[in-house]
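Only one structure is covered here, and it is reproduced in the block below.
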């Protein structure tokens, strides 16, 4: 069972988050998960995947132009309809727009005909609403993105578990 | 295979839309769909359903207080996690907020752990983005809600087809 | 008092909507309104404007890549902070995503430090929620975009009236 | 110049945030700011105010039923049109839905005909996108809401400064 995580990342923070999600996915028996930058997506791998999670940083509370362009020009060629769909984001502040980006990505996934899923509160804590959000700030004081590592991993695990249940 | 449509309706427009969705669902062989007002939900029927579609009118671009209260107090008792989830809305103008209400309902469905699905563009025309929206205005000139009847029916049919494929 | 309307348009529908807004603005005494394609924005005119309205068509329920790129690369250079901000959209269906695009544009405008305004229900009918939405479909049967002309014009008039009250 | 902050709060976290905003507002010369629970709003004070900020906690990524009911039944009687409008939220996780609640509140404020404003990036750091969000978690490790105190205060100060510039 293949699962893809696709991200846009400049500083490396969102790449890390994508890899943590893939890590969590790979803990599910039978899962073969990989993370790809929007600039180097393995189209065959994504087409073969039964689930795809897409994420990017918040730029002024919107998705990055890079991600917008990729969703418009490339994502539609990857047979997204019917796949399980997820989304995540990174931001620089608690009010930085991450959830707005997740909502936009999920919206596009629904237009592709995907099944959008986060697990929500059905697994108990942490309750992951629409998808995990990592906050980059306060690295010295609050450990930055590392603070959210576990959320990303758990989200990946839950997502892959549902994919296995549905399509495995 | 049971499927539930749950709506809030005052004037009867949103009730109609809910019934049109249920009509479309019932065209799928094996489907047993029913529409319920938030005030008279058959809890056992919903618990037994593998898919639930929720809709309401736009009041000032937000969901109705009635629907908000029901989602908070009642919906969580109905075993929503893992079910297929959908949403629809009615509005009085093209700019009346219907899609914002759909987005809010889907958000809550994801927090319940549902699989959100509209079919999107995967069935060709009409491309139904997040869920169908009916506009009540211009009854004399433009036929009001009747104008959207076919969209609601098709959405119901597509939703039930996916539910059957996944859980039937 | 200068006012700018900035749009992205391929087929010409959104251009029309932008011009109708500018028309309505110009009905306010003292207003000098002009509409610009994102590809030919008169930067000096926009900088001198006390209000800017931005709009684009819905592509799969998201703003166009063109508009996303312009907001990211160019809009920030135009001294947007403190100006009155508005947004509009066009879509192909009642459920086509127009309001989601408006919400995204307004979000970015708030990050620029603009004052977002639609007039809402304060002027009576038509109650324009976040901004006007034109639906392109059913040209033969329902007159397509022309059907929404009056909404765009009225919105422009209301927007310019508020701009005059605040800054005129 | 009167300014009102209106909140819904159960545990007291959102009340604190509201008071911090009012504190920041009161640092602007001539400002007279007060925070009210939705259950004890001083209607005359709000009617006399030139700016109103509204906030509540995220319940399953939606606004509280209490706040929804108040916005529907009471807020419309307070002469909101033309006032400066702001919004804030509290949540339990970085992905807890705070920004979605802020977006919903701002949407309703625009339907009331308010001028929505956050200051955004126009004041430099902290860039406050749509409004401040406080995260309640990790009280022992990360200081919980106290961690966001400064953001709320600064937001209040910026909001009141703009209100003074426009209406003072």
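By letter and in written order, the chains are A, B, C and D; residue numbering begins at 1 in each of them.
The rule we apply is simple: contacts are C-beta pairs under 8 Å (C-beta built on N, C-alpha and C of every residue); 3 or more make two chains touch, one makes a residue touch a chain.
Quick caveat, the model's predicted, so the values are computed rather than measured.
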Residue-number overlap at the chain A/chain D interface, same or different (half cut): same
Pair joined by more contacting C-beta pairs (B-C or A-C): B-C
Distance between chain centroids, defined by C-alpha means - chain C, chain D (Å): 26
Centre-to-centre distance between chain C and chain A (centres being mean Cα positions), rounded to whole Å: 32
Multi-partner residues of chain C (each touching 2 or more other chains): 60-61, 97, 100, 103, 107, 110-112, 121, 127, 129-130
Residue ranges of chain A touching chain B (in the complex, touch as defined): 81-82, 84, 103, 106-107, 110-123, 127, 129-130, 162, 166
Residue ranges of chain C touching chain A (in the complex, touch as defined): 59-65, 68-69, 71-73, 97, 100, 104, 107-108, 110-112
Residue ranges of chain D touching chain A (in the complex, touch as defined): 58, 60-61, 92-100, 102-103, 121, 126-135, 142, 148, 151
